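Following are the structures in question.
In what comes next, chain A is part of two complexes: it sits with chain B in the first one and with chain C in the second one.
So, the complex of A and B:
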């Protein structure tokens, strides 16, 4: 390894956590919000196990599975985007980011389909505790997917304009970190709300 | 001070302090009425004193925000204010409207005031904090529009910074949400629901943006830390304020007849509201720690740090205390609410207005950086007197609140309201004494503008 690559390694790879510190403060705060929501869900379910188990069966497990796949795949694409920019390939980075955003869009479409189904049946926040939590939690996450897509889009635009390079790409790491958080939350939300009984 | 037009901030700051004094005097009157029910009756009944105390607070804070905006927007935008004349004119309109409104409260019965001001044409009066006659409310809207126009034109012409942007979003939000004070449905549930859109979404929503941007501005000035770092903090703080604060409005919807999910939504999201305030504390202290220079105006730095701590305690900790619906079921509308209200308003909003006044006034009065050593010493005394007094007020009211909840709502055979109040007398007396201490602090604060103002400026050396 030459001296030059060693220096680059220092600045872009060994920095931990990667991305801007501010986004990590934000991510931790967001995880705290979801963490509290999950804990409250568990608490409410504990007091009403039968109701939760009964209405959980009305959820569309296949749709949720497709969405899980969509988000995991999108996270993979984001990883590829980070790898691309580390090699200084801005345009490849943009393409991977767009692919990730597209998977986010898949998530939104499928989730909207689920909502349409529920609302069509006249279900709302006041139907029962289970639906209250299901709708609140998933909608709150839904908004985060949109937020994540906006962040990725902003990163993609800057990358397209050549705003990042192999040595200066904190912004890409920052966007990627946030997107992984959105994915991570879903990976807890999915088993918790759809599967576990 | 870099731009002549920043001087329009002076009348706003002076007007704010005048109303601040009025607020405290009426607070003391009302505090005494808690223990001597007929004090100044019938000249100033309790409900009138309360109305003046709360309305004066809101109006002087608004004036302080406007002064702050007129000071910092031109400096941030690096250009003169669009129209200094309009700003001065609006000050007098606002001040006259505030004066007339207070006079109306004091001189005629409230219902007569409603009749005189034509309330029946567009009924908006009679609701807590929004007691102002409809014409005063319209006046506020006019002043706000002129104010936003003036600032907007200034920013459009000049440099766009994150601080100006956040401040403008906060101020526009403030004006837009105030419009809900004109919506007065006959359905009481809807009435209360949207009433909180003004009251809560101001203090736990858009005002936090104003707070954040003023804090960020002063911190840039006194610490010399890179704007980029400060702006980043500002963004995450306001993002958290919105994530928690908007749905957090639900903690007011527990018992007014809204659907049950508000119990959950309100509890969960409002429980997170301390986070942005905690971030603000970390932000202020870490910026001061990383400072690139020692600013001779050390009292402005003290106010900034104090605001971040007291806002976290008052708004964050004291708010959290009774924000979960199972707790609030017992504590709702008790003296605990009053304790929270006092420290939160003082910590978050009073102190931030005093921070910007403390930073800007010396410059506006022709100093190059700071007041004299003597002035600053006085102001530091006033800082501690007011802050300790407010802490005592909060603690005494908290004690009163806990006892009140116990006697009135928890006991097997609960006492009626007034009987429970009788048991709290000792705490109310202690609160009143703390209130006097606060007034002394306030008088020292005002004195700091005049005592020692001919002496030379404090320099960094004399501080270090």
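So, the complex of A and C:
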């Protein structure tokens, strides 16, 4: 099977998503928490529209775009890693996973720069409602990026040791699904916090 | 190219989705850089975000090939917060 025809996710129609079903229960729980946060942010903004609009303009939109592209690219690299292991190519899978982790690191560095800038200006959780939500939401997501990178690293190590094959790769799918969830959450977080006003 | 109806899912489809996600994100960025606001613009940007999330779920997570209950949770997750956010922005404007 060539790289251009390799299938992603399940190899055929299935009743269940690829990866360990337990991770999907975990993913749905995580999405529920983030979904509640998003709704609370939007309704809290209703009472402070001018404040939210004013301080939103102080955020670094360039950094947000770089981070969005970094996570999307990272997710795509994970897709390639899954395709590689489905072809039985462990070492190619490892390289794609390392590339995905590197893009995750880009996200962490850029986001840390943003935090350093804010903290340098004396901004913290109690500065105002907007920054309370901005810092809480983005830091909660930041922690998930770190956790996702740890999971991808564990999968990469096992793949490097030959722990996965074309027929036995549930662990790769499991790690990939979690990482895509991290990307998915940021895709909503980015416009909600940085752009919508 | 995505062949959703035939449930054909491959690297090529995911690559097209990847570039589409980059472009939509850049449009969102431009909206922010130009300082565009208001209900219509916000809802359009939110629609782009929900569409991106849907594509990640279907193609990157592979849910396009899953039928039954597990096909829907990510889509439903996108719709419910999306509706709530839309209502909040509508009421705020």
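Observations on the structure shown:
Following the convention adopted for this analysis, the second predicted complex is superposed on the first by the 182 of 197 C-alpha atoms of A that agree within 3 Å, B and C clash if a C-alpha of one lies under 4 Å from a C-alpha of the other, contacts with A are read in each partner's own complex, and residues count from 1 in each chain.
The rule is simple: contacts are C-beta pairs under 8 Å (C-beta built on N, C-alpha and C of every residue); 3 or more make two chains touch, one makes a residue touch a chain.
Predicted model only: the values in this text are computed from it and were never measured.
By the touch criterion defined above, A:117 reaches neither chain B nor chain C. Note on chain A: of its two partners chain C and chain B, the one contacting more of its residues is C. Of the two partner chains placed by superposition, A:160 touches none, neither chain B nor chain C. Of the two partner chains placed around the shared chain by superposition, chain B is the only one that A:125 touches, whereas chain C remains out of contact. Of the two partner chains placed by the overlay, only chain B lies in contact with A:29; chain C stays clear of it.
When the two complexes are overlaid on their common chain A, residue A:18 makes contact with chain C while staying clear of chain B.
Once the two complexes are laid over each other on the shared chain, residue contacts for A:192 go to chain C alone; chain B is not touched. In the superposition on chain A, A:136 makes contact with chain B only, while chain C stays out of contact range. Judged by the document's definition of touching, chain A residues 32 lie at the interface with chain B and also at the interface with chain C. For chain A in complex with chain B, the residues that touch the partner chain are 20, 22, 25-26, 29-30, 32-33, 36-37, 40, 44, 125-126, 132-133, 136.
For chain C in complex with chain A, the touching residues are 7, 9-12, 14-15, 18, 21-22, 25-26, 28-29, 31-33, 35, 37, 42, 45-46, 48-50, 52-53, 56-57, 59-70, 73-74, 77-78, 80-81, 84-85, 88-89, 91-92.
Chain contact summary for the complex, chain A toward chain C: residues 3-10, 12-18, 24, 28, 31-32, 35, 38-39, 42-43, 45-46, 49, 53, 57, 61, 64-65, 68-69, 72-73, 75-76, 78-80, 83, 173, 176-177, 180-181, 183-184, 187-188, 190-192, 194-197. On chain B, the positions that touch chain A within their shared complex are 232-233, 235-236, 239-240, 243-244, 259-261, 264-265, 267-268, 271-272, 275, 279.
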